[in-house]
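Okay, structure first, notes after.
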């Protein structure tokens, strides 16, 4: 397919690279320039305006937040203004359900197609085309895009015809992950203070009853108190918890663990942790239990 | 090996059966009689006193709580009084670290050997010899027992030479599981109230980013609000959270999610849920969000 | 003084009446008409536009929320457009610190004076001129307004020269009150389930160690489960907790009790409690402890 | 009356002094000797055994916890063994409801009388006979003791005929106080980080809407981060929250704020705060918001 791709952060660059390797024709654009050299080497065409990436069958956006996603779509020189009738906007960013609904309506009014397809996976999974992709929207449009998803992910599942549903599922999934991080943090604080080797503990659990990549990844980071460099920065994780809580507020759903997570992130930021990986909230239980004197000691 | 086995609940019966199938010679005892017929059919010898199961190389205990485990070991006619010097007590119950330490000392004084070997897994996993077994204690003793563990579980991992460490790991693991149940409950409340099909949601998550048997099992129970019959009864789950919190108190480790779980169980019991599966705490978030009017409707 | 007054809800009407009784000349306006008859009987002049109440020395606004306060000040026909140079806007509404800062800047640009003067007290305290008034802003301007505050309140205290500070103090005070309501609710649930008479308990506490009008008022409502009619409606209380949490987010201050209160209000609203007094969150602990079967029974 | 008094800590010594000043004949005993000099100067008779203080109409006990109270009553040389038939044990300690019930039964079996009369107030209030006393038990017995209560407190209220009820009310009251401390701590963290003077803030609130001695006392300690010396040590406050939670567990009453308080105390102890006043938990919110770098700076 002939594609545009906007958003060349670590996730987006890896995804675009996989599309190129799968033989798609991709024009790339990033609002901050200087990110496309590696993609150009793989055959990408570097665009200097959003209009230039709107000349194919579809445009994929992979942006950091609602502000960036709004700007790329709704600005005067954005996707809405330049996508041809019937062309597809595949929104893979993690954004609010409100914005997703708004984009769906705006594209529909413009005669364009819009599907949401947010992803689960850290940059290494994006690089190895192992993402999990959650889609929602018009089934025929999703079907058209399956070759693209196949190039980027290990599995794609649809959750219905309303695009916002995919965004809500993505937000709820990041909430579940953050909840697991917090719980791992508390468990590691407990066994660690008892004198059990923290890494051996995580190895035991994640080779048996919690044999799941994310538990391995985050458990290991927490056991070793290694929260730098950030593969998924804490402010991004916080953004997702906030969006989940915003949806919960609209729907009137009390979520006490999500509230706790919100407070954990605020504390992390108050104490200088803005640049850490989001799993750093999993270090706070140990800090509470030890005054933080020993929590940075690798085990 | 020539073994004794005490504690023929659903877990213990299945474990004893697997030992018999593996060719071990097993005398069985249960304080409440009438549980051994199926095991006798498999070749077990039914004992009428604890003394009778103490005549082999080792005794395995698989009991409900500290009270039962104390009684079986420490009573006048218990294991401590009857185990020969050098015989092994393999304690597979989920008990407090205090009791585990106490038993370790008592057996040592009596010249007997003691290891802790609590298990992860529900009755179906016990039946299919798929338990995960966490051991701690004298390495040579653990080595002697490996054939037994192999007959009952899919994997056995040791966490050191202090028996209590295995008990703490087990308690922390159940805490992690209960935390996952609570988080799943909140996530299902959120997406369910948004109108997304709850079972499709769980199927999506647990076939992708949360592809783990326990997430599948509990997610499904929560999505369908099916908390009966109980495979692991809520009071047993509560007991484990209490023991984890007791250890946390002794060690001075604040565990806010564990505290929340404690309150969830208390509420469940206040509202008549003593006979439900422990995953029923995962239904409370939906109850909060809907007044409970619709939360029992299968989706 | 010659005054305008906008916002004739239960609080505002009572405050305007006290200004009239103190001899001030008051023009009154309400966006929803039909609220001024009683005030006209006391000598008020009924205005049909905001412009008409801007012809004196000062205008007092007492509005429900940020939306209403914004509209009244910033709309084309609002206070900002019509207040003379040097005239004073006394904002007594409970609004966000962001809006308060915005209004301060806008009035300053227009050469008008602005002070914040939010109040503590329920409608009966407004009626008896027993409000507590928290002011912030230019000291000279506050001094000019003291006779007005004296007519409406029992005590007025200033918290500095930045108007937003008074708004933050007011929000934090409502947070403290809601926290006390939640704690009273938990305590009443505990002693009530133990069989102690709930009203006798509250009478005991509030005639001794918690001898404070708000503890008496809310303790009594909780003991008797009497949350209707609402003197301060739950959505207004929720609004204030949200604004406090919004300020806490901006400032990076984790407030776990405020987070709990947020979830309590969401649950109340999910279960049909939008029309109740905000103290109804104090009934949820009893509901948790009893399945709500008995919690409406007066004691 | 002719009295015995056991427990000469800061509270007990002040209470015994007031009994002496009121003209009562008092024999005093303390398990740790050397505390009675000042009382002897006021006319007390120093006893060297518990038996010696059991020779009058009543014995008052004012002890630190269940362990001490059990020992004093139930030990071989304790009150139960030595009190004459019909003599009264007035238990003024803050103890568990289980122990209170147990003592009630034991004294009844021995033909002795027992009432519970725990107190609210810090040592300065004990010294000035300003305690609030909560009583429960046989009304006639309470009536006999009224002159004693009058000598020690400013007000005495009865909460029924079951002694344990007074103990539960006392525990719930300390819970309410600790909840207020936590809420004040969060509010001070918020306004303090916003740049508002913390002490001015507390002065404002506690001279208006929270005009209550305990809010003044604790608010001021929190505003100034002055948690030493301890008037009521943190481990004693923790003990009371634990006893309240234990009662809540028995009665199946979820108390989320009490759970939060438990975690706050555990954190305080983990970080070296065992010797601080219990209001030090009110400093943790500021620590969360500032990394503790500035929280000890008086304002």
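Details
For clarity, chains are labelled A, B, C and D in written order, and residue numbers in each chain start from 1.
One rule holds in what follows: a contact is a pair of C-beta atoms (placed from the backbone, for glycine too) under 8 Å apart; a residue touches a chain by one contact, two chains touch by 3 or more.
Everything quoted here is computed from the prediction, not taken from an experiment.
Across B-C and B-D, the chain pair carrying more C-beta contacts is B-D.
The distance from the centre of chain C to the centre of chain D, with each centre set as the mean of the Cα atoms, comes to 36 Å. Separating the CA-averaged centres of chain B and chain C is a span of 53 Å.
If you average the CA atoms of chain B and of chain D, the two centres end up 41 Å from each other. Each of residues 248, 252-256, 260, 263, 266-267, 270, 288-289 in chain A touches at least two other chains. If the chains shown are joined wherever they touch, the resulting network links each chain directly to all the rest. Of all the residues in chain D, the ones that touch chain C in their complex are 97, 120-121, 132, 134, 155, 157, 159-160, 165, 168-169, 172-173, 175-177, 179-180, 182-184, 186-187, 189-191, 193-194, 196-197, 200-201, 204-205, 207-212, 214-215, 244, 247-248, 251-258, 260, 285, 288-289. On the side of chain B, the complex with chain D involves touching residues 248-249, 252-256, 259-260, 262-264, 266-267, 269-270. In the complex of the two chains, the chain D residues touching chain A come out as 256, 263, 266-267, 270-272, 288-291.
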